[in-house]
Amino acid sequence: MSNGGAGRHSSLPGFGLTMGLTLTWLSVIILIPLAGLFLKSFELSLDQFWGILTSRRTLSALKISFGLAFAAAIVNLVMGMIIVWALVRYRFPGRRLFDAIVDILFALPTAVAGVALTSLFAQKGWLGAPLAELGIKVAFTPLGIFVAMIFIGIPFVVRTVQPVLIDLDAEIEEAAASLGANRWHTVSKVILPSLVPALLTGFALAFARAVGEYGSVIFIAGNLPNVSEIAPLLIVIRLSEFRYADATAIAVVMLVASFLIIFAVNRLQRWAQTRIPAHWRLIK
Amino acid sequence: MIEVKNIVKKFGAFAALDHVDLKVANGELVALLGPSGSGKTTLLRIIAGLDWPDAGEVSIDGENALAHGASERHVGFVFQHYALFRHMTVFENVAFGLRVQPRAVRKDEAAIRARVKELLDLVQLDWLSSRYPSQLSGGQRQRIALARALAIEPRILLLDEPFGALDAKVRKELRQWLRSLHHEINVTSIFVTHDQEEALEVANRVVVMDKGRIVQIGTPGDVYDNPATAFVHSFIGESIVLPVEVRDGCVELGGKPLNISADGVTSGASKLFVRRHDMAVGPAGSGAFEGAVRHVRTFGPIQRAEVALSAGEGTTVIEIDAPRDRELQPGDIVSLHPRRYRIFAGQD
Amino acid sequence: MNQPQILITSAREDLRTEPRIIRVVLIAMAVTFLTVFVVLPLVVVFAQAFSKGVFAYFSALSDPEALSAIKLTLMVAAISVGLNLVFGVIAAWAIAKFDFRGKTFLISLIDLPFSVSPVISGLVFVLLFGAQGFWGPWLQANDVHILFAVPGIALATIFVTFPFVARALIPLMQEQGTQEEEAAISLGASGLQTFFRVTLPNIKWGVLYGVLLCNARAMGEFGAVSVVSGHIRGETNTMPLLVEILYNEYQFVAAFAIASLLAMLALITLVAKTILERHLDEGQLPGD
């Protein structure tokens, strides 16, 4: 990290000291452990690495984690948009309470969410029993994983899109209406396009979170190899079998994938900043 | 006494200060005047120790200031947006500099209180001492910022656009107030401004800056009456500017010779600068230019006339200020003669 | 949350809203979804916890294993919040108050733990300190216990909560600029005096906000801690881990009793967060 000459020649003191401590702490806690993971993966030959990843169990686990996370993120995208729209645009009893409790999903420990969802959707649960009568089994099936991933992803879409919709200038809607657009055209051609960057960002964040999710999923998943076993669980299983190489290989793939997603999110945000005029984004 | 020698400061490729020299004597009130980006604020911050030059020397009372950081220079600095501590009362803001002194030299609580009270009296805001900055008007904040800076008994006082964030009326009042305050406390002061009227009205001496260089230093009368460059002439006071051609000491406008001399100006394209009130109006045929009056407005003792000069192919419209001893009418053909003027070689 | 215009003229209302039937359907969908995914899970936790009565609930909580898990959770949270508080403030100072190349890159490095799966956050420490890890043999030879002990749990928790304090402070401190600090320095204050008398009072709500979120995550972390803990009963089980163990042993009342404490933590965090956000909004009003 180059300091670009800032430290010594700045009016405020402490740049060298605080930057040194920051880099040290960052290295000890984050960089060295992560580097260790990649170092460990280099102990594998390319063939071994490939062999681990393409084994049936690993491949299924990765498919389940990525596939269901993607599907859950799509549900979050649609439902998140509806929730944001209702919370921002409409007045209904309990609106502020519902607005506040969205953040519960950020604060609720994942293990608690896991046992609660399982109990809710188990065959004798409050929701599981009526669903069972319809012939739908949620707990201990891939559908349960899907439900848990929707649960943990939804606040990301809501909290990313909500401020953008609040700040959206009322005048652009009025302008569209005064130009003769009907409501559907105004919403689909004027409002939704200006929410696209926020929606995509929320989608990517929800997806990334769901791919790596462990606590809220494992209780409800059933954890049957090749059927309802997620990749993070497979890492844990391989570790408990002392098959560190297998665990490392899966972890590296997941880590690289989530870096790519975060990189895409950053790109999206930069794109949104150049595309959307500043006064839409300023909150104050 | 402040001495700045050969200061260079670059931000990337941009030279904010390009070999600047300046001396300020004890008790002076100096204005650094220039357009935005001319380097005046950077120079002020370097003197205060809030920025550091890439090269050059700064000394305060003969002592190398660059050997010390801002906290050891005993320089009072008044920030453009005041930078009052928002979580402290007015009293605690002013007391701050006294409370952070090393234990060995720190005054006791009673002495601090007395000193703060004295300062608040000086800026006439004693009655605000328990308010918070957010409860004050702009002018009040400005004066508190000044009192806070004076609390540490600074060797010099630096003010960055002291009136920049105030509305026009408050600004006028504070100008006079600052001048009389300076007279009273007599601490060497430098203030930065982009407003020429402010600089001319408040300062003993004006330092005009442009593009990171000092272009002229002089008394307010000096820089107004004898601008050193075309830039100073157009930046300070309003001017009529005409593109002219100088040929062996003779001046031509649009190919037509003017009846004025250009001694000492190199031949070639030049610019003629005249103050509006320095254009004497006479009967046709008596002056340097001929022109037709287009429009006249009168206010108070003067009449402002738009005159279309016929020069060569095109016409140039200028505005002049004439006394009202002879009423001008639209359509009059008049002769204009510059009583005082300056010619600067070059296009800009 | 910002309230858009409260007084809406009827003309504007007509222009900017949908037919009644669509409004009702959308509200119903939103409310149903949030009820199923937020309200019901919370209710079910408390319902299950008290399903055998108040006595069973409190006897589950006063079980030695539960008490030891609560103690361990509090200790690990104190360690990781404390360290991340100190270093978060230091990092925010370096990043927000100075200009240097690579600043955005440094911020993304600080954000990294947000994008790493909790399981991987635990795994990296197993690879460093585990029996087959880089330093495992040396640690074993010298009888130093990191993995399957408190240090390992603390390390994994510090890893996952690393960004919270710094991320709460960086935007706040950037918005506040450096003018007040410069004023303090020019008045003769030292660096530490400037920080404690000028900077800290201005960011105190932000610091609390960061600590609050950091603490909620530290106490509730499951995946990362699960990998490094070793699940030694009465010794290395935090509250979330104990929830898992009790649940898998079909001790539902006990599992949900512990879970109800964690759910309460989330609720308290939420309320405190709302209050703090109000303070932060006020604190961000510029001086003029």
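Order of writing sets the chain letters: A, B and C. Residues in each chain are counted from 1.
Following the convention adopted for this analysis, a contact is a pair of C-beta atoms (placed from the backbone, for glycine too) under 8 Å apart; a residue touches a chain by one contact, two chains touch by 3 or more.
The shown structure was predicted, so the numbers you read here are calculated from the model rather than taken from an experiment.
Q: Building nodes from the protein chains and edges from chain pairs that touch, which of line, ring, star, complete or other describes the result?
A: Graph shape, chains as nodes and touching pairs as edges: complete.
Q: In terms of C-beta pairs in contact, which two chains are most connected?
A: Here the largest contact count links A-C.
Q: As a quick test, compute the distance in whole Å between the mean CA positions of chain A and chain B.
A: The computed centroid separation for chain A versus chain B comes out at 56 Å.
Q: Can you give the whole-Å distance between the Cα centres of chain B and chain C?
A: 53
Q: Indicate the whole-number Å distance between the mean C-alpha point of chain A and the mean C-alpha point of chain C.
A: Roughly 16 Å, centre to centre.
Q: Which positions in chain A are in touch with at least two other chains?
A: 11, 13
Q: Multi-chain contacts only, two chains or more: what residues does chain B have there?
A: Touching at least two other chains: 49-50, 69-70.
Q: I need the residues of chain C touching at least two other chains; which ones are they?
A: Within chain C, the residues that touch at least two other chains are 182, 185, 190.
Q: Going by the contact rule set out above, which residues of chain A touch chain B in the complex?
A: Chain A reaches chain B through residues 8-9, 11, 13.
Q: Show which residues of chain A lie in contact with chain C when the two form their complex.
A: So the residues of chain A touching chain C come out as 1-4, 6-7, 10-15, 18-19, 21-22, 25-26, 29-34, 36-37, 39-40, 79, 82-83, 85-90, 92, 94, 96, 98-105, 107-117, 119-120, 125-127, 150-151, 154, 162, 166, 170, 173-174, 177, 183, 187, 208, 211-215, 219, 232-233, 235-236, 239, 242, 244, 247-248, 251, 254-255, 258-259, 261-262, 266, 283-284.
Q: Where on chain B is chain C touching in the complex?
A: Listed in rising order, the residues are 48-50, 69-77, 79, 81-87, 96-97, 100-101, 133-134, 138, 141, 148-149, 151-152, 165.
Q: Flag every residue of chain C that touches chain A in the complex, lowest number first.
A: The contact residues of chain C facing chain A are 1-2, 4-5, 12, 15-19, 23, 26-27, 29-31, 33-34, 36-42, 44-45, 48, 87, 90-91, 93-95, 97-102, 105-106, 108-113, 115-120, 123-128, 130-134, 155, 158-159, 162, 178, 181-182, 185, 190-191, 194-195, 213, 216, 219-223, 226-227, 239-241, 243-244, 247, 252, 255-256, 259, 262-263, 265-267, 269-270, 273-274, 284.
Q: Okay, in this complex, where on chain C does chain B touch?
A: Residue list for chain C touching chain B: 179-180, 182-190, 193, 197-198, 201-202, 285, 287-288.
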